[in-house]
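Shared chain: chain A. Partners: chain B in the first complex, chain C in the second.
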Partner chain A sequence: MNNLSDLHIDALAEVFSIGAGRAALSLSEIVGDEVRISVPSIQVINSKDINSATLLLNDGRFGAVSQYFSGPFNAEAVLLFAEDQALKIVGDMMGSQMSIEELAEFEHEAMCELGNIILNACLSAMADIFEFTLESSLPDYTVASADEILHRLKTNSNQPYVMVLHIDLTIEKRHTAGNLVFLLSSSSLDSLISHVDQFLGKIS
Partner chain B sequence: MPVDNSIKKLLIVDDSKVSRMLIRTHILAQRPEWIISEAVCGEEAIALVDNDLPDYCTMDINMPGIQGTDAAEQILSKHPSIKTVIFSANIQETHQTRARSLGTILVAKPVTEKSIALTLDFFATSQ
Partner chain C sequence: MNDICNTLNLGVCAVDAEGKVLLWNDWIAKHSGVKETDALNKPLEQIFSEPVSPSFLAALKNTLTYRLPVVLSTALHRSPLPLHNVSGTNQQPSRMYQSITITPIQSQRDESCCLIQVTDSSTSIKREKMLRAHSEILKKEATTDGLTDICNRRFFDAHYEMAVADAKRQKYPLSIFMIDIDFFKSYNDYYGHVAGDDVIKRVADALKSQLSRATDIVARYGGEEFVLVMPNLPQQVAKQFAEKLRSAVFNLAMPHIKSQTLKQITISVGVCTGIPENDNNLLNKADTALYQAKVKGRNQCVCLPLSEAEEYLEQ
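On to the complex of A and B.
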């Protein structure tokens, strides 16, 4: 996986930083407070090389929001948060002092909405900057163990590449770390790189 | 509005090389005679302006080290003549208010012809 130069990664980092800014603005309007989202790192690796360290996964259970995107390239995007952190985010979004049991009732809906906001903000930033159109499916939310998530990522033979973005989310001073993972086929990764090259060609 | 064709110096502060390239390309398309320098973080920008005072500055917010708004505040307290535009993807009200309090404006990323036009307009009208 050597097709991506530092400049490619820089361009993608800038795109996702803009996406994170858009998502933070939308979320701040929901929670009524400042929201910070940053993307401190991006890496593209072969899915067989992915492990719990890549995704900073521990032994707990994780909430995963999945959404499919199609356009010049196709990708499955998965937003991952530790479930206990996901419930805290849901609490911030619901804006009340609910018990964990009560929050769990809203977990599915609120996490789908959170995923929808972050994923679409990132993908719309990418579409605007690289000048193409992406369509998205409805988000789906599942809770799974780290092993189940890794197994699913590693055994997806149609999409042998993964782009992993670490995400730092701060709502009302509460810090949460998560991951945004894009599963890409070889041709989709080539297409993405080609669009980044076209973009860079215009400014270099 | 009459265009000031005199040679000006612009400092671009952004940790992303791509973002610096974008700003440079769009600015030079409009003002090819301008002299452009770059800094990759707030600390470097603060050091640079003491040695080579620019007329204008574009400043990112989220960078390694100090935040761009804090760097802008330090720079403007010493060199209030530098017309500064804060470029950021984070356009929440707190950042907009902070930018205004510094006598700057916040322009939303991505960097486009439109955002550069806003920037050049601010530089030209805030003399």
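On to the complex of A and C.
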């Protein structure tokens, strides 16, 4: 943990903002309107220190899209949005073709796709910049309360570190904040750091 | 292995690193109208006679480049590939709604390729539409009066509460009209219930035909009683409108020989107009106005302001 410097965080922020840009481009093509995604902050913390403030979680239910990926390091990536916000995003993306009430049947699949686009964009940006290949599972969508999410993050003893990216998403003038959480084992975190070091070595 | 692939009730197709087709199962052949022999070794996008959606091609390219799996949902893409539902009849086959996943796989020669799986989501969309249609009907039935086809009491109760809250918040006047068919009981006793129902229907139609704004509603309040809710009318206009309602029913000229007024069907109208405040009740006041119209001899309108202060000014 201590070996993660501000420089590392800056480099990761750079990588994920490239990923966010790619995701925004893909989403714009689907929505047919401007989509903006930014990653205002990144934190890497011990998962036992995680709380609802870290994830900006409030009451209510959250939609979580997760993908397991493997390669030079393994992690579970989880994209979290408040459920009502998530429904509105999907509603916006679908345009006026369907109303929120009519979404039920398609919500899961559409949320999977939204998460898949953002997660893949971030993973592919990492792959390009750190020059490695990642493999990933198909996305899963679940709905859970803040407590359930925190419980799951804290009790994951194999992956004691979490990298939390706050994400701002703007689709058709609707702003939404979410989180992208990477659950990492300590060896995976070390591996990530060494890739960041290599990258920093190349550019310095 | 081939048999299994061809028996699957979903579309399976594999492409190599250049996007050329390696595998084309029976399902996808059937729904695309392209035979396996015509598809193999050709670039996927050139196989179909219609174009493949750009988002599908972008997703495929991404999977081939980054080896990350991709989901294309029905909700956001509808019909990325030109596949059709084949029907037994001569009808024009309809374009199939699809859910697609694209996953990277390794070929036997260790080359990068992609597996594309297509499922037909038409059935779930059909089910969704059917449920929606049912729920629309139920919603309408739950708020409509079966005899007259105007709003029912349940709808009125909910609407009245909202209309009062809106008028209170935005400080505009609200008018409530209570309407009763004069001597309806004697009509029913003399002409029978079937004829009585017909009178209720015709009065409801006459009242409804007077409304022209989307904000106004008429509901059946009880047996032969109706209620109208109209926002934003000055008291004088509300009074004139009540008179219009009365004459609309009068002009139906339905005979009623047991009526003690005019030997035809008439209504009494009580109106209350005002900006709702805390303790006053528009509905009660409109009811009082209706009672006064009855006492004064029926077939007439009585208009009361909501607050006592306004009443003194009127007098």
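The definition used in the following text is that the second predicted complex is superposed on the first by the 203 of 204 C-alpha atoms of A that agree within 3 Å, B and C clash if a C-alpha of one lies under 4 Å from a C-alpha of the other, contacts with A are read in each partner's own complex, and residues count from 1 in each chain.
The rule is short, and it goes like this: a residue touches a chain if its C-beta (ideal position, glycine included) is under 8 Å from a C-beta of that chain, and two chains touch if they have at least 3 such contacts.
What you see is a predicted model; the values in this text were computed from it and never measured.
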item	value
Chain B versus chain C as contact partner of A:Val162, first or second or both or neither	neither
Touched partner set for A:Leu138, first chain B, second chain C, both or neither	second
First, second, both or neither for A:Leu200, with chain B first and chain C second	first
Which of chain B and chain C A:Met94 touches, first, second, both or neither	second
First, second, both or neither for A:Leu55, with chain B first and chain C second	neither
Chain B residues touching chain A - in the complex, by the definition given at the top	16-19, 21-22, 25, 62, 88-92, 94, 109-110
Chain B contact footprint on chain A (complex, rising order)	7, 10-11, 13-15, 17-22, 24-25, 28, 34-36, 38, 125, 128-129, 200, 202-204
Sites on chain A touched by chain C in the complex	26, 29-30, 67, 69, 90, 93-94, 98, 102-107, 109-110, 112-113, 116, 120, 123-124, 127, 133-139
Touching residues (chain side chain C, partner chain A) in the complex	54-55, 58, 62, 65-77, 99, 101, 103-104, 124-125, 127-128, 132
